[in-house]
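Supplied in C-alpha cells, the structure appears directly below.
The letters A, B, C and D name the chains in turn, as written, and every chain counts its residues from 1.
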Amino acid sequence: MAQDQLTGAKVAEHNSKDSCWVIVHGKAYDVTEFLPEHPGGQKIILKYAGKDATEEFDPIHPPDTLDKYLDQSKHLGQVDMTTVEQEEKAFDPEEAERQERLKLMPSLTACYNLMDFEAVARQVMKKTAWAYYSSGADDEITMRENHAAFHKIWFRPRILVDVENIDMSTTMLGTKCSIPFYVTATALGKLGHPEGEVVLTRAAKTHDVIQMIPTLASCSFDEIVDAKQGDQVQWLQLYVNKDRAITEKIVAHAEKRGCKGLFITVDAPQLGRREKDMRSKFSDTGSDVQSGDSNVDRSQGAARAISSFIDPALSWKDIPWFRSITKMPIILKGVQCVEDVLRAVKAGVDGVVLSNHGGRQLETARSGIEVLAEVMPALRERGWEHRIEVYVDGGVRRATDILKALCLGAKGVGIGRPFLYAMSSYGQAGVEHAMQLLKDEMEMNMRLIGASRIEDLNPRLLDTRGLMGGHSGVIPSDTLGLRAYDPLEAPRFNEKAKL
Amino acid sequence: MAQDQLTGAKVAEHNSKDSCWVIVHGKAYDVTEFLPEHPGGQKIILKYAGKDATEEFDPIHPPDTLDKYLDQSKHLGQVDMTTVEQEEKAFDPEEAERQERLKLMPSLTACYNLMDFEAVARQVMKKTAWAYYSSGADDEITMRENHAAFHKIWFRPRILVDVENIDMSTTMLGTKCSIPFYVTATALGKLGHPEGEVVLTRAAKTHDVIQMIPTLASCSFDEIVDAKQGDQVQWLQLYVNKDRAITEKIVAHAEKRGCKGLFITVDAPQLGRREKDMRSKFSDTGSDVQSGDSNVDRSQGAARAISSFIDPALSWKDIPWFRSITKMPIILKGVQCVEDVLRAVKAGVDGVVLSNHGGRQLETARSGIEVLAEVMPALRERGWEHRIEVYVDGGVRRATDILKALCLGAKGVGIGRPFLYAMSSYGQAGVEHAMQLLKDEMEMNMRLIGASRIEDLNPRLLDTRGLMGGHSGVIPSDTLGLRAYDPLEAPRFNEKAKL
Amino acid sequence: MAQDQLTGAKVAEHNSKDSCWVIVHGKAYDVTEFLPEHPGGQKIILKYAGKDATEEFDPIHPPDTLDKYLDQSKHLGQVDMTTVEQEEKAFDPEEAERQERLKLMPSLTACYNLMDFEAVARQVMKKTAWAYYSSGADDEITMRENHAAFHKIWFRPRILVDVENIDMSTTMLGTKCSIPFYVTATALGKLGHPEGEVVLTRAAKTHDVIQMIPTLASCSFDEIVDAKQGDQVQWLQLYVNKDRAITEKIVAHAEKRGCKGLFITVDAPQLGRREKDMRSKFSDTGSDVQSGDSNVDRSQGAARAISSFIDPALSWKDIPWFRSITKMPIILKGVQCVEDVLRAVKAGVDGVVLSNHGGRQLETARSGIEVLAEVMPALRERGWEHRIEVYVDGGVRRATDILKALCLGAKGVGIGRPFLYAMSSYGQAGVEHAMQLLKDEMEMNMRLIGASRIEDLNPRLLDTRGLMGGHSGVIPSDTLGLRAYDPLEAPRFNEKAKL
Amino acid sequence: MAQDQLTGAKVAEHNSKDSCWVIVHGKAYDVTEFLPEHPGGQKIILKYAGKDATEEFDPIHPPDTLDKYLDQSKHLGQVDMTTVEQEEKAFDPEEAERQERLKLMPSLTACYNLMDFEAVARQVMKKTAWAYYSSGADDEITMRENHAAFHKIWFRPRILVDVENIDMSTTMLGTKCSIPFYVTATALGKLGHPEGEVVLTRAAKTHDVIQMIPTLASCSFDEIVDAKQGDQVQWLQLYVNKDRAITEKIVAHAEKRGCKGLFITVDAPQLGRREKDMRSKFSDTGSDVQSGDSNVDRSQGAARAISSFIDPALSWKDIPWFRSITKMPIILKGVQCVEDVLRAVKAGVDGVVLSNHGGRQLETARSGIEVLAEVMPALRERGWEHRIEVYVDGGVRRATDILKALCLGAKGVGIGRPFLYAMSSYGQAGVEHAMQLLKDEMEMNMRLIGASRIEDLNPRLLDTRGLMGGHSGVIPSDTLGLRAYDPLEAPRFNEKAKL
C-alpha cells in the first residue's frame, strides 16, 4: 500500500450529510459542500456516502465531470481499493432472471428488423437502463403514435421502372452519406453499453452515416470526437445552458473539433416526467420512502436529474446570437407546427427537425411525420422548400418509414432508440447489423416502389388520406356485448374428429 | 348500566315490519311508521330490524338525518351497547382477499398519476364502495369515452417561447385559485373514507383550489363548511327538491354560510341505473331474492336509494325563481349541447358546466370536452364568450386534459372520481399528492406547449380534427381470420439459439 | 298392453331405407316413401329409423306437421311405449358440464340488461339450440355490427324539460301498445323452451306489446293464436311458398284468426349458411362422415333444413296479388336500401322493416339502423314520411337503442334473440323481466334525453356523424411493435413495497 | 449391386467445397463448380455435400432442373441407394408435436370456409413450408389488410328480384368459366404436397376454373400442362429473365402448349424479405451461425433463393417486344395505381391484375380491391372500361369478397393461398371442397344481393364510403386507463347465486 493512499476505512468514516466522501474510479472526493448543488439531488449521493459510487456514477457523468465541476481542493487522491469493503449485493430475483435470460440470448443473426433489437433489449438490459431508454411521456401514447403514424401512409408504387441500379445515397447539410438517415442524439449511452456513445461513432463510420453527438452523453464530447475516423462527419446536439458563456464555449469547441451542424433542441425547456423511468428508480430506493412523507426528495428519474441546467427562457430572440457565435449550419430540433417552421425560415436558420422528442416530452404532441405532411405543402406554396432542410425523427423502424418521410419532402430522418437497443444487446456489431438491415430493406423497397434514386421520391407515390382525419381514436365498446358474443371457431383437432 | 338505557335484548324484540327498532350510534329509534317512506326502500331497513345499523347507515345519511326526518317521539334514547349482541359476520372470501391486499398496498409515493389511485383503490376499497364510485350508466361506454375523448385532441406546441416563469393561477366565478381545476361534487364520501367530504375540504385548502359541496354528501353541509379554513372558497351543488321550500332553505343557508356559487344539476331528473353498483348490492342481499318473484323490491343501487326527492319537473321556467332567491352566481351543471348553452345565456345564468355527469346518467351522451369544442365557436360567433363562464368535467386525469379544455375556451375543469380514489386509498395525504401531481404535470406541460400563463392558451395550440368525424367506432372484425393468422415473432430465447 | 298397440320390437324391425318407421309422441309412422321428400334430408330421419324420434322432431316441426304432410295410410297407430327400448345415451362431457352449470345458474334478478340473458343462455342452453339461435352469416361481422352500429350514434340531450310524467306508449299499424318495440318473428322456439312460442305470446300480453308470429314456429300457428288473451294483437311473418295456393291459405287463415299485419320476408330467398349452426350439427353426426367423401349429405344446419319451400322467385310483381288476397296491412320485412323503400311506397305497401335478418343472411349487409339514417331524409325530402311506417330490427339491446331508432324516425323496433335467450334460460318470467328492464331503461332515458312523450323524439337529439364515414374498419397493426412495447404498469402490490 | 453404380461411401468422400457431390433421386451429381452459381447460395448445398439431397431439392426445383442447368459431364450416374447411409434425424420436438396433430386432424367436411383450411394447414404443415406460404412482407400488415379491406365495403342489396335461377358463369380473356375466380400462380407447390401444382390442375378441371401456371412451380411447366384434361384452360405467369432469350423460349413454348394468357409479373423486380420465412430457415441452420460474423451467408428464405434470375430492369420499353413474340393476350400482374393502369391501356396490353403480390412484397402497398375502387371510375370517365380487362387478387376468402370485386368492375379475381392450404392439408379433395364452398356461398349471396347473373352486378349495390378515408388506423390508447378500468360483468354462476 502506497503511503499517500487513503484506506477504505478512512473514507467510510465520512458517510453522512455532515461529511460526505465518495470513491469514483479509485479516487476519493469530498462532496459535502456540493451536496445541495447536485442536479440529481442529494439523496442519490448520500446512498453512496463513504462508499465506492463508480458503477452508479459512470453512465450519468462524462469522465471529465469531476474535474470540471468539483474544486481541486476536494479531490482527495487515490484510495487503496483492496481495503475498500465490497458491499454484498442483496439478492435481486429480477436481476437473477435477467442473468438467466442473458445465457439464452438469441444470436445477432436472428434479428431481422429493428423491432427485434427492442424485443431482445427488453429482456437483457438492466431494468433501470431499459426504463430510461424505453420510457416516454405520460401514457406513452405519443411515443407509440410516432411509429403508428407511419402506418397511416400507404404507397402508390410505380411498375415497369428500371430499378436495376439503386442509389440510396444523399446529401445532408452538405455532407454526402450512404443512406438518408442519421444517428440522432440520445443521452446516457453507458447505461446500455460500458463504452457508451463511441460505439455508435464506430458503427456510423462503418456504414457512412452521420452521428449527432448528444449534450447529455455518458462519454465526454472529446472522447466521441476522438473516436471518429477519416472524414467521418458529426453534428452537435445542444441543450442551451442558462449560462450562455458555457454554451458559447461548447459551441466554439464543437466547431473547432469539426462538427458540421448545430442542432439546438427547442422542444425541451424542461426534461422528463417519464413514469416508467421514475417507477424503475423508485423500487430501487423504495425502502426508506414513507407513505405520506411530503418532504421526501421525490425521484423524477434520470432525465430530470441530469437536465437542471437547461434554460427554459430560451426564445426566438436568441437565434441571432447563435448566428453570431458559429459558422456551423443551425438547425432547430423539435419544431412541431407549420407556423414555427415558417418563422424558422424567416429567422434564417438552416434547417428544422420535426420531432416530438421521441414521445418523451409532451403527451399527445403530434408525430414528426404528421407535422411533415402539413409543413411541406406550406413551404412549397411559398416557394420556400429549398430555403431550409427539413428532417424528421420519431418512430422510424423500417426503410418504408424512411421512404415515406422522403416522399413527403424530408431530407433525412433521425433514428435513436433502435440503435441504443442494438448497442445494448450486441455492441458495435449489433448497431452495424441494424444499419445493414435498413440498407437491405431500403434497396428492396426502392425497387418495389419504382424509384432508383432519392430524387425519384415524391408525394405522388403516397396515399396520405389516413392522416387527414386527425386522431380519431375509437369509442370504447361494450364489454358485456363483446363477452356475451360466442366467437366462431375453426375446425377442432380431437379424437372424436377422426372417428 | 345506566337506569334509563335500553338493553340490546329489548331492542331485538322489535325486529319485524310490525314493530321495527334500529340502533344508530348507540341510540334506538322506532322506524315502524317510517318504513314505507324510506327513500331506499323498506327492505334495507328490515335487514337491520332490532339490530345495530350504524355501519350501513353512516355513509348514506348525513349525521343530522334522524333529527331532521324522524319525529322526536320516535327517538327512544340511549342503548347500553355492551348488551347488544355482536353479529358474527359470515366469512367473506372476497373481503378476506381485500384484507390481504391492504397489507401489501403500495406506498403513496409509488403513485405517479391520477390513474394510479384508481388502480390502487380498485384493490383496497370495499366492494360496494368501489362499485358506487366507479360505476357508470349502462355499458359504461360514456364513462370511458369521457377520458378517451381527450385523446382525440392533439397539441400544436410552440417552441422558443420564454417559459421560465409559469403562472398557472386563474380566476373562477371571481375567485382566484392556484390552478384551473376544482373538486367537483360527488356523493357519499364516507363510503370511501370514515371522515367523508371534509377530507377533500382540507386538501383543497392545502392546494388553494375550490371545492364544490355535494347535496348528497355523507357529511352534513355544515360539517363541510365548518371544515374550511381562512378565505377558502366553496360552491354548492344542488339537486332541486320537489318541495321548493326545502330547496329555498338550502340555498339561503348556503349563501349565508359563504358559498360563492350555486351549481344546479340539470342532467339528472332521475338518478342511477348503474349496473355495477346494482350488482354489487345484489350479491349482498341475494340470498332471499327468489327467481321469478316479480313483487320483489329490486335494489337499484345506492344512487337510486338516496335520490327520490329530486324533482323531474324542473324546467327553464324555474330559473327566474332561483335568480330571485339568491345573489350567488348561478351555474347550470350538466348542459350537453350548444342549443342549451345559448338558451342559458339568454336565461341570464352566470355559467354552465358541460358534463354528462361522469358517464353515470345517459349512455352515449357526448363528453363534455366534445360539447365544449362545439359550444365555444358558437359563442364566439355571437360575441357571447364573455357573457358566461364555461366549465367542463368528466374524464380529466392529466394536466394535458386540463390544458386541452382551457385551450378550447373553458374557464376551468371539475375533477371528481380521482380525488375520491386518492382519499379512499390514502386519505388527505393521498388527495394532496394527487393535486400536487397535477400541478407538477401542469407546470411541465405549459412549458412544453409554449405557454407561460393561462391567458396564453388558445385553440390554435390544438389539432381537433379527431373530434370532427363523430363517433365512428370500428366494425367488428372476423375472428376466424384473426385466429388463423400466425403472428410474426421476435427472436426466441432458448438453448438452441446459442449453440 | 292394448290389443291394437304396436310393440317397440315391431317398429324396430323397420330400421332401414327400405322400410323406415319412426315413433313420434307415442305413435308410429311409416316414412319410407317420404324419405326423399324430407326437406331436411333423409339422413337425419334414418338416424331414428325404428326408434322414437320425438325429442329431435319436436322443436323443428309444429304438432300438425304429420297430419298435414303424411298420408293417413302411413299413420300406423299407437305404440306401447313401455316396450320401446330406451336408448342409452353416450356420455357427452359437454352436456355433463352443461348440467353442472344449470345447477349454478344465476337467479333471474341477477340479470340487469338484455345482454345478461345472452350470457346466461350461452351457458345453459343445449349446444345445438344455442348454435341455431346465436349464429349469423359467414364471419358474423354483420350480426355484431347490428349492435355496434348503435354506438356510432350519440345523444344531444335537452335539459330543463319537465319530464315528471313519461308516456312511452305509441301506435303501430293502428294498434296502441305500451312501448315502441314488438317481439319479432324467430324460428324454432321449442329448441329453447319445451312450450315454444306461446311463452312469448303470454309475456307479450303481460307487457302489452305486439308479437309477430313466425312461419317457422315450433308451435302451430293456431296454438300461438289460441294463446293470446283479450284484445292482444299479433302479426304474421310470412315466408312465401313456391306454391302460392298454400300461401294464400295461410294468409286467409291468419286474417280470419285476427292477425293485424302481414310481414312478408323479402331478405331471404334462400335461408341459412350459418357456420356456427352447421358446425354444431356436424359434431353431432360426425362419426360417419368420411374425409373426402364428396357424395355426403352435407348438413347445412337447421335453417336450411326447414326452409326449402321458400320461393326465390318472389318479386315486385307479386305485390298486387298480395294486395288482392288480404285486407291486412302489408309490410315488407328486410328492406335494405333507400331505393327499395321508395319503390315500396310506390308499390303501395303499408310499411317496411329495415333489417338484415339479424345478420343471419348476407354478410356485410348494412345494419337496419344505418339504413334508417339514409331512408328517412329521403322520405322527408319527398314529403312521403307519413305514407309508410318504417320499422327497424337487429341489434337492439338497450332502451337507448330504441330511442335512437325513434329519434331518426322509426315507428318501432323489433327485438328477437334477447327474448329467446330470456325464454330459454328463465321461461315466461325471464321474458317478462327482460321487457320490464327495457321499460325501466326507457323511462329513465326519456327523462335524461329530455323527452316526455314519443312525439318529442326527433333527429336533432342525435349526433349521427359517426355513421357518415362508412365502415372504415381499422388497418391491422404491427404485432412485432405491439409486442416489443413494454406497457406502463400501475403501482405494484408486494411485500417490498411496504418495507 | 450393378457394376456401374456408385456406392454411398464413394459419394460421401466428396463432402466439401473442394469436391462436392450430391445425390438426387438416386443419381449422383458433381456440383463443385456450380457452387458459386447456385442462386440459393452455396451453404444450403454444402449442408448436403456427400449426401442424399432429394428431400430438400424436390420442392424447390422442377424435375428438369439438373438436366437444364448442370452440364451432362457432371451427371455421375446411378447410386446404389442401399449403400447410402441413412442419416438419423435429430429429434425435433416441434416436428413430433406436428405428427401428433396430424393424427387428430379434422375431417375435410369440418371445413366450412376458406379460413378453416388455413387454420388446419397451420397445424399440419411442415414448419418451413407453412412459413413460405403464409409469410408476407415486413410486419405483414399489407397481407392482412388485403383481406380486411373487403370489410370496408358493405352491400346495398336489392329485394324482390327473381333469383330462382342463379348463373354465376362468366368469360375471362375469352374463356368461359363456371365462376369468376381463377387459381392464381403461387410458387413451390411441392412444399405443401408431394405432387405439387398438378393437384391444382386437376381440381381446377373438376370445377371448370382457370389455372395460372407459376414460373416458380415445383413441377415442370410441361408436367402441369400435361395434367390438364379436355379443353381445360391454363394461363402462364411470367417472371422475366435477365436473359431475354430464355424468356422468349418460355413464352413461345407456353403458347405452343396452349396457354391462353400471358401474365407478366410487374410488382416483383426483387423477391422476398419475408421474415417469417427467413426465421423458419434460420432455426434450421442456426447452429453454425455465429453472433457478429458479418461475412455469413445470410439466408433470405426460399423466395430470395429461387428468384435471382428476375430482371429488375424490366420496363415499359419492353412491352412492344412482348407484343412481338406472342399472340397470347398480355396482362400486367401487380399494377398498383390508376396512373399505371391508364398507361397500360395506352401501351395496348389486354389486361391488368391489381395486386400487391399477396402482401409479400412492398409493405403498406394498398390492397388490390382498394386500387380497383380508384381505377374503375377513372376508366369509365374516359370510356375505356372495355379496352382492358381488370382483375384483382389478394385477400379473397369469401364469395362476398368476389362479389364486391365484381360489383366494382373486375372481370374476375385470383385466389392463391387458400387453395395451397387446402391442398397441403387434404390434397385434391381439399382444393375441390374449397372451390365447392365458394360456389355454394356464391349462389346464396347472389340470391341475397338480388342478382341472378354476373351482368347484374354493379357499383350501386355497394357502400364503399369506408374506403374513402384512407388508412386511418387508430391512435394507441392508454394502457393505464384501460387496465385501471374495471369491466362490467355478466351474472355469475356460483353456489351463492342460487341460495
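Keep this in mind: a contact is a pair of C-beta atoms (placed from the backbone, for glycine too) under 8 Å apart; a residue touches a chain by one contact, two chains touch by 3 or more.
Since the structure is predicted, the reported quantities are computational estimates derived from the model, not experimental observations.
Trainee: Check every other chain and keep only those touching both chain A and chain C; list them.
Mentor: Where chain A and chain C share a partner, that partner set is B, D.
Trainee: From the centre of chain D, which chain's CA centre is farthest?
Mentor: Chain B.
Trainee: Superimpose the Cα atoms of chain A on the matching ones in chain D and note the rotation angle, 0 to 180, in steps of 5 degrees.
Mentor: Going from chain A to chain D via C-alpha fit gives 90 degrees.
Trainee: Count the residue numbers both chain A and chain B use at their shared interface, divide by all numbers used there, and answer same if that is over half, different if under half.
Mentor: At the contact between chain A and chain B, which are copies of one sequence, the residues are largely different (under half shared).
Trainee: Could you work out which pair in B-D or A-D copies the interface of C-D, where over half of the contact pairs coincide by residue number?
Mentor: Matching pair: A-D.
Trainee: For the interfaces B-D and B-C, which has the higher count of C-beta pairs in contact?
Mentor: The comparison resolves to B-C.
Trainee: Calculate how many whole Å lie between the centre of chain B and the centre of chain C, each centre taken as the average of the chain's C-alpha atoms.
Mentor: Their C-alpha centroids are separated by 41 Å.
Trainee: How far is the middle of chain B from the middle of chain D, if each middle is the mean of its Cα atoms, in Å?
Mentor: Roughly 58 Å separates the two chain centres.
Trainee: Could you check chain B for residues that touch two or more other chains and list them?
Mentor: If we look for residues of chain B contacting two or more partner chains, we find 107, 110, 113, 115-116, 119, 139-141, 144, 148, 151-152, 275, 279, 286, 466, 468-469, 471-475, 477-481, 483-484, 488, 490, 492, 497.
Trainee: Can you list the residues on chain B that touch chain D in the complex?
Mentor: Chain B residues touching chain D: 113, 115-116, 118-119, 122, 130, 134, 139-140, 144, 147-148, 151-152, 275-276, 279, 283, 286-287, 397, 466, 474-475, 477-478, 480-481, 483-486, 488-489, 492, 496-497, 499.
Trainee: Give every residue of chain C touching chain B within the complex, in rising order.
Mentor: Residue positions touching the partner: 107-110, 112-113, 139-141, 144-145, 148, 150-164, 398, 400, 426, 429, 432-433, 436, 440-441, 443-445, 447-449, 460, 463-469, 471-474, 479-480, 483-484, 490-495, 497-498.
Trainee: In their complex, what parts of chain D are in touch with chain A?
Mentor: Going through chain D, the ones touching chain A are 101, 103-107, 110-111, 115-116, 119-120, 123, 138-139, 141, 266-270, 272-273, 275, 278-279, 282, 286, 289-294, 296, 298, 311-316, 318-319, 332, 334-337, 339-340, 361-366, 468-481, 487-488, 490.
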